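First chain A sits with chain B, and in the next complex the same chain sits with chain C.
So, the complex of A and B:
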């Protein structure tokens, strides 16, 4: 029965995660227990739990940084106490679909940086690859450790108005957010201990251990306990909290570029007892910055000589160099073809139909239908620089038209997907807000998808942008046991 | 451990100790200053300002309220607010190595200052404010002792704490040298209280309050944890714990310098010091301690071949942090 703060709730014309809208609200079975608990809370009890969560985040320093904002150097990631629940039968499909995808992406990267069969067969145009800013011709022919390029992947999933799961993008460089996933879980276990237990939620706390295992798998020195480090850009990076969090959980050193030094193609960290050789670097730094002798010369964050050591096989990097190619939203459009080409399978998870402005026919269509599309730069992340047609002004659309014409390769467009909504506590009441899901996949000796993920929620009414940098919040994601 | 991490540990604890020290000093002097007419206030605070090398910055700032300047000013690099922000910045970089309890204490006091609550409390009820800051530092040091392994990082923290403490105690004692008059009973008491030493002093000297006794106690006490001798001994112990070289020998310049300072305080006495001059002795000690800090940096943080190449800027930056 629907009571309490949910009485007034309306799903609108959207797919709602918690309720099935017929003639009246019907609770989806996997949400029943949690809804019963939440409905029993008075608004003031709810508010109290919420403020406890906020102060816990603040005290623990679970913060992120918003760039281009002078005053708010550190903020907490807004958190919503109503959990998103995914039943086992849905998760099984997601799990299989993501594994299939990351396998195909890795085979693709191997192929591109070696024989290039997929290009020779004309499945993917060569020009697309060669014009991608993250394509690294320097590593062509180089055999990466264990032949794995993307070790940590955070793909973004959405559901459309029918509830179909679709992949929105793949983040194969340095996806972040896993620390929030783990912290959110801690908070939820404290806030609703009995409901959590009664529902049979799958645990996520093994992530740091799995990550360490994934890293150690890459070590060039298998004879001894590998020395792994986490390379961070430093305190001023938006995800710095996450870096210290993961390093602490794994029990490895968190280092900055200045803590490492490359001598004769080996990488060492400077310690008070002298230099210590490093085997595996979990780098949270983009390719461009890791080695000023190799990529961007003005980088002060990297380690001069690192690439040379990497190419000689004396140190492993996770993720590998050149994986940004798989993040390119133009490459993204070809993932279904990759799955067919390398695995001979049909994709388990759908992709969002994508128009590539680079193709003349698509470009024409995009320019004519701008108001009904979402336009994204092919190589940006964090929700920066995109245009949502339905919410844009004519002037904005005109500006985008010019940008697209000037540089069609750099833009893609997709139909505006009506993202699924989830009951969310906002401005003193429970309302529907759009959400997505970022699960994390690890690829080491085995492939593992952490059962859960970061559910991001657009806190502004009707907004479709869930990125933390654009005012999004997060929810805990409960994947149920069989 | 990572050199940079050692450096962060060291500065984190130095800044916390400094914040505590400044707070206690203002607390003590503020209550005495109430006995002083308003025209004489400037004269009253002058020795304190000179001892902590802040006279000029204070004049330039044009601020009226000295206590507010020392606590909250952003112009004064070592205002308590700034010290705590530096400490937290250093802590943030080594967060993975601190216990959750330590981080929560430090982050809480930082948020207290950033939010403006600190200034509000200070205006409403200064006593509560002083207690909160001092308690924070003591709790933090207690937690450091009780919740993390006493490994290398811990020794670097202790090193920072005791180097700062030796320095601060010497500065408190030095205020007596900057008085325009012969130090009164009140002046002597203020110095003792600034070092949290009144009770300990009473017990040792049965209340015989004189310049000579106060200086003797703060310089040479064997067992009072804020005396200069005690602090220097702790610096020596921690340096040797880090290098693994037995005490009495030295493997680097920092160890040599602190060893010679320790010998000095072990084998001289108050009469000898007073005949040379208290201020001169303190001044030399302070210079030596500063050199020790710099040598620790060169030994453990810089690689040998870097000292020559980047030595100047790095040392300049490091020194800029030493008052």
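So, the complex of A and C:
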């Protein structure tokens, strides 16, 4: 029975997560219990729960920073009370597909920074790798601790108009968002304690503990309790809240570059008790900034001499250096080939078809069909600098044409995927909004995917951009037990 | 039951080695009693992994590393579901030994009745096998007695045998590991005309005190063909009829057909080989 605020709901011409649209709305079975509970709420009760959630975010200081915005930098990440539910059968495939993917990406990075067999065999063009701004030729031949490059990966998944899960991109540098996932869960457990219990939702609380284990696994000093720290760029970073949150949850120190010092190829932390040797650095800082002696000379965020200690094997970094290569959206297009090459398998999760402007044929197609495509810069994150053809003006498209012609390597294009929608509370009513999913994968002694993820929702009507920096919100993600 | 198996093998070489070529039989089998839900096999240094199906029906992954390296890591991660293949209240008794003659010429039996690389049929083995059979005239009963005999009379000890130890040596010295116990059992079964094959795989130790032998590495046992009832697994290392806690990687005439990792390279012998196997039960 569909009642209450859902009476007027329409799925439009999209794949809806909660309802199957036949002649009438049919609730998907895994949503039944939660829908019953939500329908029973009057608009005022719903509003009350919502304002409780908002004030709870404020009290906890769960905020983020928007760059390039004139009014105040810190904002609350808008939160929607209607949870996204993923049944076990779907999750099993996601879990398997993501593990396959992160394993292949790690093998790829290992290969590129050693023999480069995939390049020699001509599966991936050498030029692609060597022109990537995040390719670190400085570490070729270096064996990273435990041979793992990407320890924390956040891959973005979307569903198309048929409900097929697809990987949109991988974030193998410093994926953020996990603190919202954990905070959202806390709030949902308080808002709907009985429904949460009754649905058999898999827990996500172990994330900080798992992350710490993942970090400790890398320690060069296995004989004693490893000293791990979280290296943050500081309070002005958009994810600073997350840095403090994770450090507190793991019970490790949060440090900035100036708190660390490299002496004789070891890294120490300045403490009130004197210097303490550091074994593992969970850095939330891009390669470029971690060591002014090695990478960018003008970085004031890093630690001079850190890379030397890393290359001597005296300190471990998570994620490893050079992983940005896996984030490159041009590299992304080759992940299915990597999976076939290194693992001898077909990819479990589909990728979005990608046109590489770097290829002449693709480029021509992109320039001719700009209005029907999404154009993205190959090496930007956070949804900055992209063009959605269908929503663009002629002037914008012309500008992009010029940019692409000037620097084809830096742009890729994808068909506009009609993302799945999810009922979301907006402007006093329940309406359909586009969503994606960012699950988090940890790779320590083995790979582990936290059952859940950050479901991001584009709050503006018909918008396809879910990034928090572009006005997106989030939902809790409930992965059900068998 | 549902299991997650993590199997890692690391070879460390004293010097650089090269021209390494290896075949891996680490992909769990799918049959009526077992389903391989997922399998991820990876090799470091990174290299192209290819596969083929061998004559025994096992999926083989193989790779080459022509360039210098001093460490080789092979990891296999699998998820497998199993159902019990045998009813413990009703073992497949009732098939007489003299019916074995009818199947000895069958193509799918002949390989499992003859000598093979590590299974040597000798007059001495034959004499012992006759003694083991005693007055039993039942195929399953006889095979069970062979398993029991090996379990109670052979000493389980590591590092006294190698991967190349043949069944003649095992039967003489009465000691070894799971692979040797399996080779000895195969010898006795084949001497008596019972088709018997070698099985490579893992098991989940469900005993409270983790008392089963051989869980730290990959395991081996045998299967005998009970005419008309199918193949049944017997584990001489643990004196157990194989049930849903066992996971099969592959089957063959002996170790040589199903060695989890086999290959060649140019260079000195490894300084160490670490094997790490963990079998975890997952919720169904």
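The working rule: the second predicted complex is superposed on the first by the 481 of 482 C-alpha atoms of A that agree within 3 Å, B and C clash if a C-alpha of one lies under 4 Å from a C-alpha of the other, contacts with A are read in each partner's own complex, and residues count from 1 in each chain.
Rule of thumb we're sticking to: contacts are C-beta pairs under 8 Å (C-beta built on N, C-alpha and C of every residue); 3 or more make two chains touch, one makes a residue touch a chain.
Values in this document were obtained by computation on a predicted structure and should not be read as measured data.
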| item | value |
| --- | --- |
| Combined model on chain A where chain B meets chain C, clash or fit | fit |
| First, second, both or neither for A:279, with chain B first and chain C second | neither |
| Which of chain B and chain C A:216 touches, first, second, both or neither | neither |
| Touching partner for A:328 - first (chain B), second (chain C), both, neither | neither |
| Geometry of the superposed three-chain model: angle at chain A (Cα centres of chain B and chain C, steps of 10 degrees) | 120 |
| Which superposed partner A:270 touches (first chain B, second chain C, both, neither) | first |
| Shortest span in Å between Cα atoms of chain B and of chain C, once chain A is used as the common reference | 35 |
| Interface residues, chain C side, partner chain A - complex | 6, 38, 40-51, 61, 67, 73, 77, 79, 283-284 |
| Residues of chain A defined as touching chain C within the complex | 96, 99-100, 103, 107-108, 110-111, 114-115, 117-118, 121, 147, 341-345, 446-447, 481-482 |
| Chain B partner contacts - residues on chain A that touch it in the complex | 58-61, 234-235, 240, 244-245, 247-248, 253-256, 258-259, 261, 269-273, 275 |
| Chain B - residues contacting chain A, complex | 1-6, 89, 92-93, 95-97, 100, 103-104, 107-108, 111, 152, 156, 242, 300-301, 303 |
